[in-house]
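Got a structure for you, written out below as structure tokens; questions coming shortly.
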Amino acid sequence: MIWKRQIPILIVAVVGAITLFGWFVDQPGIQAFVDDDATQWYDILASFAIILGALNLMKLQIQKVARKKKGWPYSLVAIGGFIFAITAGFFIKGVDDSVAVWGAHVTTEGTVFKWMFDYMFTPMSATMFSLLAFFVASASYRAFRIRNFEATLLLVAGIIIMVGRVPIGSMVSSWFIMYIVVLSLGIGVNSWKKDKMITFGVVGVGVAIVTIAGMMTGWPIDQPEIFYLPTIQEWIYFYPNVAGARAIMIGIGLGIFATSIRYILGIEKSYIGE
Amino acid sequence: MKDKQFWMVIGGLSLAFLIYWFLGHPMFNANRIVMFLAIIVIGATLLYNIRMAERGEEFYLRPIPGLKAVEEAVGRSTEMGKPVLYVPGIMDMDQVETVAGVIVLGHVSKMTARYETSLNVPVSRSIVMKAAREACRESYMLEGRPDMFHEDMVHYLTDDQFAYAAGVNGIMVREKPAACLYMGKFYAESLILAETGNSIGAIQIAGTASQAQIPFFVTACDYTLIGEEFFAASAYLSQKPELIGGVRGQDMVKAGVITVIVLATLFRFLYETWGIGFDVVKLLTVQ
Amino acid sequence: MKAFTDLILKIGQVDRRWIFLVLAVVVFIPILIPIGMPIRATVTTKVVYDTIESLPENSNVLVSVEYSPSTKPENHPMTISILRHLFRNDHKVFVTCLWPDGQFMAQDALKQVAEEEFGKVYGEDYVFLGFRPGNEAVVKGIVSNIRKLYTVDVYQTKVDEIPLMAGVNKFSDFAFLFTSSAGYPGTIEWVQYAADPTGVPMSSGVTSIQVNEVMPYVQSGQMKGVLAGMPGAAEYEALIGQKGSATSGMDAQSIAHLVIVLFIILGNAAFFIERKRSRKY
Amino acid sequence: MSSTAILGAWIAVFLTLGIFSYLYKDNPFYKTAEHLFVGVSAGYWTSIFFWTQIQPNLFGRLWPSKEFSADTIWYKIYNGLSFFSSSVFPEGGIDKGHDMHLIYLLPFALGVMMLLSLIPKISWFARWGIAYTVGMAAGLRAYGYLNSNVIGQIKGTAASFADPNLPFFSLTSPSIFNSIVILVGTITGLLYFYFSREHKGVLGKVSKVGIYFLMISFGASFGFAVMGRISLLIGRFVDLIKYSGSEYLNATVWVLVIMIIILGYDAFKGSGKGTPVSEDAV
């Protein structure tokens, strides 16, 4: 039991305390250990963890084939892919030592490994990512709803950023936006007062004011500033957005700090499955 | 002053540190004293609240709407005779969100055991698999249904982000779960999952602290636990005193942070206008 | 009027594969037939440009490449433009990677800019240190002792034998840091473990999705500006006056955004009509 | 164009379109691409981490070429290993510029224990190594997040209101108005995440303002997310267009046509039996 439980907890406590308080210790020996060797060990163990993950994966795929579970032929494809990648990684370089020695081959042009990277790994991971463009589009269409005031804010901010950030946004005249504002004001007044006359009056007056102002100033595309999309976009992104993001960030920072402290003090032991 | 032991230790340590400080604090990086004090003060606040909670002090936590929905979702799956899908994120146990996700999983698996609904938990890290399996096993034992627990309900897919998302997608379209719960650390795969869940008509409840993914979940899911709400939820669900105490402690620290922001603004104003006080900005710059 | 609302409702129920198709078409066509819309630089992009402009000549600049091929269209044009800017101003460039595939990306960019465009000498004008695993631990390692972490460069040459590395021992020996980043580990880790503790100025080019996570750092001055996604890259290309792949993607980007906004409006129109009708009955 | 490049282009196109075919429905092309991706990436990461970390930084410190002498027992073990794999353990020790550090046997042992945990009976072997990474990450993060996410942000929020050159209102440059926006937004946003009090009365109203700021922030995130995804799609299309050229033997065109024919035939056959065509992906 002590091996399975107490020792891991002790390791976390000691290593955590050393790395945390190592920031404050002005002593070369401890500094050197904290900054260099401790991090190196971490890197090495992280690498072993990756390999463990890969082996685990293969173990599962092989089990799937052995037990002929549903879709097992695809597992054969996965195993084949793994064997191919391992062969390119460890057994066949495809070039001789003058081009790349073992170790350098994973980053050198012309090796089998690089070929695999260019024509298999790259297109697959990039396409997986870009699939999201389609899902974003359909989410915009089918899930992005004005359910309440909060959702409206989210939506409006999102649209302003989306249009204002790209070149097309700077081609939208601020006067056009002003007309839209007047119309939305009309919708708002209508649902508030429920009186067609008042709505009509508000929209009429609004349109008249905007039109007269426009004719007097000669319709400059980016004036007044507060109705020009690229400018509004920049304001939203630099101020209200940052305020919101910062509140979240401070909260997250405190949360991570608290959890880390709990790890170090041995209060939180989830990493050993408790 | 209820916790005498705590205050005595704190007092003793402070005294020891003061003596050490006035002895010329050998081997101490004095440039970082502000950070050092911050760590000690915040750490002590958290610890104090955790201890209070462990001693049986009752703390109030406001209700979180998204949490009630979890029970409804599991209930609905039972009615429909469909499984519940639970995704604990794609990162390892060293991420706090994953830990919170596994805690919430413990609670969800209690419900599925009670309702006799099947549960499917695909994971993307071998360590998470072990932890999640343990959490489920324990819940099924506690609910008196060890017969319903089988190890395969928590299964490993792959470490790779998109391969994992694709795998979970496959499970969704094949098994058509009635409830999809996403609780953990997510990156770009969040929308793939949420959108597919949407398309099969599942109730979706998400919880994450990954800022960039929250809007996707907010727009595509029925309920979303935003950032800290998610952490608070895991405390709420587990009813573990150390977690509830932690939430309470963080609330106190948050109140402290707000106070410091206000005071810092004030001091900065005074400093820049009349040169009164001290330079807050310099103080807060820790190198 | 009823026919119109019926139409909107009908569109609202369309199979999502039609939405996929529409998006594919509106992205595809402007790539084939570009329009060439004018590009206007935002403040945060200008700040990055000005910061690099104000570096004294021959400064040591660390460029960290943390993205994989999957976000190449966003990050790669930034890396290329930044390298062009740095080499044009005769700075010394050191390249590291926190992501293993970042190494390939960096190699690609260095080959194109340093070798082919500027004819810079390896080991004298720039060094390619490559990838080390360990995430934030690597950042910390670079801050404390870069030589312990990088005993050899990418080409397995010992770092002690590289002339440019003379006198470069830790992060504070650099005048500026630029990271081209797509997630964890990346910009945030550099702010937390490198820029904040040492005070070395840094800027970053990030994928669009990351922008919001790093904005508070930019606003508070912990970072000097930021390049936000492909449009940010296009703006930087406009600032240094050398057009690249980001600029050529901007037309498709603009039109796709417009179409998505249209989707949102249509989708919500359907939603409202439906709600109104279900209330009536 | 070399034949390997052409072959590569065809494979790349097949995989790209195979994954895109998921948008139509879950189908064998997609499943093949998906599983291939799983296998290849597992092998890819294993190779990358082995060759960039374990071999140079672990083995390179245990058996450096600097201190190589064939007579010692230590290097006799090395020669034994070298017999099995001369690529990992080249003759004469590993030359990565390291000195010998036998203390690295410790992480080596922890790492080997991690791998041994694949054997179910001793699966707890992995815990020690994991405990090390957890402890280290906890120590690093506690400091980093507190400094940058909390103290740094407090500093950023406590803006200057005394600067006489600061205008009261300006939209995109620093102004008193914008400083107030930041101050109010941050504080009310923080109060939304205050859990130990019910959100009623003043706190209720204030936290309501807070959630508005949070929503604007999420809206901005959404906008940026859309932007990013479109950019990536543009990148994929540019590649597909490149591979449709005659120097790649029109790979894109051919693969696309063949896939459409097969999927179309399948759909046609399926609808003949009266089953829904696209029960999967819709």
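All chains are identified by letter, namely A, B, C and D, in their written order; residue positions are counted from 1 within each chain.
FYI, contacts are C-beta pairs under 8 Å (C-beta built on N, C-alpha and C of every residue); 3 or more make two chains touch, one makes a residue touch a chain.
Quick caveat, the model's predicted, so the values are computed rather than measured.
*Asks:* Which chains contact both chain C and chain D?
*Replies:* A, B
*Asks:* Measuring from the mean of all protein Cα atoms shown, which chain centre lies nearest?
*Replies:* That would be A.
*Asks:* Could you tell me between which two chains the number of C-beta pairs in contact is largest?
*Replies:* If you count contacting C-beta pairs, the leading pair is A-D.
*Asks:* Chain A to chain D: how many Å between their CA centres?
*Replies:* From the centre of chain A to the centre of chain D is 9 Å.
*Asks:* Per the centroid of Cα atoms for each chain, what is the distance between chain B and chain D, given in Å?
*Replies:* Going by mean C-alpha positions, chain B sits 21 Å from chain D.
*Asks:* Measuring from the mean C-alpha position of chain A to the mean C-alpha position of chain C, what distance in angstrom results?
*Replies:* Spacing between the chain centres: roughly 13 Å.
*Asks:* Spell out, as numbers or ranges, the residues of chain B touching 2 or more other chains.
*Replies:* Those would be 35, 39, 42, 93-94, 127, 130, 158-159, 162-163, 166, 188, 191, 199, 211-212, 215-216, 218-219, 226-228, 254, 257, 286.
*Asks:* Considering chain D alone, which of its residues make contact with at least two other chains?
*Replies:* Counting only residues that touch two or more other chains, chain D contributes 22-23, 31, 34, 37-38, 41-42, 45, 48-49, 52-53, 56-57, 126, 130, 133-134, 136-138, 140-143, 145-150, 152-157, 172, 182-183, 186-187, 190, 193, 214, 217-222, 224-227, 229-230, 232-233, 235-236, 281-282.
*Asks:* Counting only residues that touch at least two other chains, what does the list for chain C look like?
*Replies:* 16, 20, 23, 27, 43, 70-72, 130, 132-134, 137, 140, 156, 196-197, 209, 211-213, 216, 219, 228, 231, 253, 256-257, 260
*Asks:* Help me check something: in the complex, which residues belonging to chain B touch chain D?
*Replies:* Listed in rising order, the residues of chain B that touch chain D are 34-35, 38-39, 42, 59-62, 93-94, 127, 130, 158-160, 162-163, 166-167, 169-170, 173-174, 191, 199, 211-212, 214-216, 218-219, 226-229, 232, 247-248, 251, 254-255, 257-258, 260-262, 264-265, 268-269, 272-273, 280-281, 284-286.
*Asks:* Across the complex, what residues on chain A touch chain C?
*Replies:* My answer: residues 31-32, 35-36, 39-40, 42-43, 46-47, 50, 101, 103-104, 107, 109, 114, 117, 121-122, 125-126, 128-130, 133-134, 136-138, 140-142, 144-146, 155, 159, 162-163, 165-171, 230, 234, 237-239, 241-242, 245-246, 249.
*Asks:* Give the list of chain D residues in touch with chain A in this complex.
*Replies:* On the chain D side, the touching residues are 4, 7-9, 11-13, 15-16, 19-20, 22-23, 31-58, 87-88, 90, 101, 103-104, 106-108, 110-112, 114-115, 117-118, 124, 126-143, 145-146, 148-150, 153-154, 156-157, 171-172, 178, 181-190, 192-193, 210-220, 222-227, 229-230, 232-233, 235-236, 239.
*Asks:* Which part of chain B faces chain C closely enough to touch in the complex?
*Replies:* Chain B residues touching chain C: 162, 187-188, 199, 211-212, 286-287.
*Asks:* Where on chain C does chain B make contact in their complex?
*Replies:* 16, 70, 183-184, 196-199, 209-210, 212-213
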